[in-house]
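Each in structure tokens, the structures are laid out below.
Two complexes follow with chain A in common, the first pairing it with chain B and the second with chain C.
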Partner chain A sequence: MSFSPLATPTGFLLPSVHSAPPFFTQQPHPGTNATVQDHWITLILGYARHRKLFVLRVEDAEATDSEWLEVFRNERINRKLLPSYLFSILATMVSKNVAIYEPPGQTRSVLLYWRLPEEWAEVLHQWAISTGQLNTILTFYEITDPPIPSPLSNIPVTLLRKAIAILAKTGRSQLITIADGEGVRLFQGTGK
Partner chain B sequence: MHRRGVGLAAFDRQEQSKRSFAVLSAQLSQAQVDQLHAQLNQFRTALAHFATTHRDSIRRDPAFRHAFQQMCSSIGVDPLAGPRKGGWWAEMLGLGDWQYELGVQIVDVCVSTRERNGGLIEMEELLRLVTKLRGISGGQITEDDIARSIKTLQPLGVGYQVVILADGRRMVRSVVKELDEDQAVVLAIAQLQGGRIVEDMLISGKGWTQGRAKAALENMLLRDGLCWLDEQDEEYGKAYWVTSAMKWDM
Partner chain C sequence: MTLRRCTKLVDGTIPIPALLYNDEELLSSQDGVGIYDGAQKSPNHQSGTVHVTTHRLFYISAHHEAIYSFAMDLSLVHQTDYYAGLFKSSAKVTLYVSISFADAAPEGPATLFESWECQVCAYRNPPGLSPAAARVCALCGVSRDSVPTPATVSSSSTHHLHTSSSLPSLHPPDHSPPAHRRQPSAIACPACTFLNHPSLRACEICSTELPLASVGMKSAPSSRPASPNPSDDDDDAEPARFIKISFRKGGDKAFYAVLRRALKSKAWAAGAPTPVPGDTPVNDANVRSGISGILRTVETSAQGRTTDMAAAFQDLEALMVKAKDMVRLAADLNERLTASSTVSATTSFSGETLVPSTEPEEATFIRSSLSQLGLEMSNTPVTLDMMKDERRWIEQLARELAAVLQGSSSNSRGMMKERGIIALDEVWGGWNRARGVALIPPSTLLQVVPHLGACTTPTISLRTFPSGLCVLHTPPYSHVAFAARLSGLLVLSGPKTAAGVAQEEHITMGLAAEMMGAVEADGEICRDDEGCAIKGGGAEVRFWGNLFHGYAWDGQTEVKEE
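And now, the complex of A and B:
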């Protein structure tokens, strides 16, 4: 018996560790636990990027209609990730700054940083340049739900705000209050 | 009875013969030293000749290399020993560098797989990964070469050691940790099971008491980090997986 990588129906390549039965149990040895959780974190972020998922909740370990099903369950070896273990993985992710609790003030749901806010800022800036939307006022809706799908489609507003704030630091964005909410104006910027 | 001279003249005579003996002995040892030098030179020339004709075979052909190592040990010469960096044997054969290079590759594999196997790797697996690392041009290597390289790593004091299990299987340990006898038994069984082991295998298979089986497994899990715990085992509810016995396709 040996453990091998496996492609899922959605085209994601599960790492070989996913076919190892003990992968689904929280490890009592601190060193081992750190190693195994690192594998989980890599897997979760990789899958989130693949499916463009931004939110992960403790409940995703149990829900049978969860988008995470093929990651949190392995029917072939009859193992599943327990909510208590996912809870602990989420805490580790937040401590490593690859996720934040969202909404803040609770610890059962996170916003995933498979791209850091700094990276999203550059993605946003590049998108505005390539689509010729510099210097015009854009509503958040126009960014999160553009007519032509973009890398920013469905980006949570929390993350978008952070990206805009980062661009503002280098004079590349300006937050604007408009009639029906908020908007942003993006600029070429100087230095970069 | 031997006649001994008496008086001052006899004293002189004795002194003189002592001197002549000293001269003679000096001459003799000088001759011996010269002869030894000549022999050494001859040996050196022969070795240089051997090195130029066989160096490639030694580095490429594991069987030839093994025969050469055996020859060296039977005449009491360590091909790597010497006052200089690798000794002049090693320098002439290029075997020192070859051996150290292999050592570095072994360390590379051991360190990069440590988080997976807790610092204990099966010899076969190590050989497979080192061979992969060296590529095709590196020439073939054997378990014997690996064992020898590990010996050269010993002065570094990092605890690299070949551990032999009860069933004769060899494993390489890259962490400073003592494997006790019970753990060796656990390892041997886990090897056969693809890594999985439960208390019952030790109780019914080896006649251990439940306490002993539990202690051995919990120590490996909690103290040494050599196992992963599985709390969803279908048969027993709780199983231990010895990471070094788990086979991974990368």
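And now, the complex of A and C:
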């Protein structure tokens, strides 16, 4: 049997394996299961990047109004991802450091690292340079919700903090406490 | 003495509602009354209260309520009369009672406080119902005395009525049933010493069973005369028996109306079973009817069956003892037949026969009957006493088992002639069936099986699945061969359930599931559980070839997005 890749209404290209029913079943064989879960992680991260989604919850597998609907359900073959399976996928993702549990202390919701915090740090720095906002104090709000949409739009504050912390290690950022919260000042940097 | 004859003493210290039966209802009360026993005033009952209920008339004495209070069943009253009173004479109600009717009331007072179990439906009827209602099971409506010990209502002259009325003559004319005691003494609980009311059977506080007060009553001579006054007994001489209630404080009219109504409604008869005229209790308990009868029949037939069974098994045991002799006889016969046939074959040319009587037809007949009996001797079962040491014995057994499984060269078909895989329990059963005698225990089978490979072509080997299932299989059903075949099948005809594979391979479903589980453990196949269906979907699991092997990502890649 052969399947072919398929583009979703949102323009995402689903892999051919998404049309194979066994893809949605948790495989008892550990080797097969690892392979399938790898495919799932690739698919989830790719879709998250495509839709700019940062949070994935176990409940997303069941909710019919979820943004993940077209990934976790395949109406054409009458298959869906079971929450129990998604749960174990999330655990694998956290162990592979492509996601962290957010909020910490529970295992049903993760923050997806479709860019690692290091990559986000670079993105933030590049954005500051390109928009000429070096050496000025920026509030978190100005970064997460800029007037002109940026790659950083809607980035969760948790992730932003991690990126800023990474920049601070190389002397390219400084966290400042201002009147109504926190702000950050970005510098050109003294070289990497 | 009408009063004493037709009434029962009650303890007037107990409030009236507590004296009532469960299905009895208090209708009206009137104080300031006196009682006339016949035409004369009854000296002890001149100041009290009368209560009329649906079933009874109570008189509670005002001053000596514990001694002089009584109750009378309204069922005894067959006529009433009303006298309005004149000058100093107060209004009176006359109750004509029929004593002969009192004989038909079978309830001793003691039974009222007994709960009893219905013989038909085993419902435990609570105590406290009126005598009429208590005779009928509250659940199934079957009369109480219609089943177990028929309460033969003796119309003998004894006025006293016992609950165990089957032995009426054995009882002394004891005229003091518990409720007639003049001095009702409390019973001390043996456990907690609480003084219980005499009519209780178990302690009110700690539920300990109380010593029966009636036993003590019997031993203690009653203060009353042992038998009723003989002069009072000549029923025919006395034309009218009646008691009068004299209303000294009025209220007579209203009370009389209520009394009339109570008499008319006949509440005491409502719960009683309609007496069937021909329904006299049959002489013994052997003739039973209803469900208990059916149960008894079933019990009897079951007992009979058990006896038959035991006898049959005894026969079987006798046969077992004889079995060895029969086998020896069969072997002997077989030997002679073989000998004769070979001899006849060798000597046929010379025209002489050493054993002239054995005809070939007879020989075949004997042989066929032997085989029909399951005593085919072409391969006599190998037993331990035939062999000198155990290793040789096991090897011999392996050879025998191989013959059973694959069929000996000449005649019979083996168990595995057409089946490549067979469960060990079936092998054991089949082998022992083929042996017929000197059965092989499973442990010996397990010892023999490893030696089987050496004596079989194609090689039969043992396989144990993770679940503990053991099978014997030929090479085509080895794990590797099956896995390869299964993968091919899945590629050719698409995903399959375990049932589909079982059908394809001609093996049982459980076995197919086990074997596919083993292949899955190798990662050769993967599963699609219908539990993941969006709508519908059962618990069926379809197996697919492992399509994740060598799969290259063909979906959206991260690079594309950048």
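The rule we apply is simple: the second predicted complex is superposed on the first by the 190 of 192 C-alpha atoms of A that agree within 3 Å, B and C clash if a C-alpha of one lies under 4 Å from a C-alpha of the other, contacts with A are read in each partner's own complex, and residues count from 1 in each chain.
Everything below uses one rule, namely that contacts are C-beta pairs under 8 Å (C-beta built on N, C-alpha and C of every residue); 3 or more make two chains touch, one makes a residue touch a chain.
Predicted model only: the values in this text are computed from it and were never measured.
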| task | Evaluate whether chain B and chain C can sit on chain A together after superposition, giving fit or clash. | result | clash
| request: Considering only the touch criterion stated at the top, classify A:36 as touching first (chain B), second (chain C), both, or neither. | output: both
| said: A:5 in the overlay: touching chain B, chain C, both, or neither? Say first, second, both or neither. | reply: both
| request: Could you tell me if A:24 is touching chain B, chain C, both of them or neither one (first, second, both, neither)? | output: both
| Does the superposition put A:101 against chain B (first), chain C (second), both, or neither? | neither
| said: For A:13 in the superposed arrangement: first (chain B), second (chain C), both or neither? | reply: second
| task | Using the superposition described at the top, determine whether chain B or chain C touches more residues of chain A. | result | C
| request: Name the contact category of A:73: first (chain B only), second (chain C only), both, or neither. | output: second
| field | First (chain B), second (chain C), both or neither touched by A:50 | value | second
| Does chain B (first) or chain C (second) touch A:81, or do both, or does neither? | second
| request: Can you tell which stretch of chain B bumps into chain C once we superpose, 63-71, 99-107 or 189-197? | output: 189-197
| query | Which residues of chain A are in contact with chain B in one complex and with chain C in the other? | reply | 1, 5, 16-17, 20-22, 24-25, 27-29, 31-32, 35-36, 78-80
| note | Residue positions on chain C within touch of chain A in the complex are 494-495, 520-523, 526-529, 531-537, 542, 544, 546-549, 551, 553-558, 560-561
| query | chain A touches which residues of chain B in the complex? | reply | 115-116, 118, 194, 196, 221-222, 225, 227-234, 239, 241, 246-250
| message | Quick check: in the complex, which residue numbers of chain A touch chain B? | response | 1-5, 16-17, 20-25, 27-29, 31-32, 35-36, 78-80
| Residues of chain A touching chain C in the complex | 1, 5, 12-18, 20-22, 24-29, 31-32, 35-36, 39, 42-43, 45-47, 49-50, 73, 75, 78-82, 85, 114
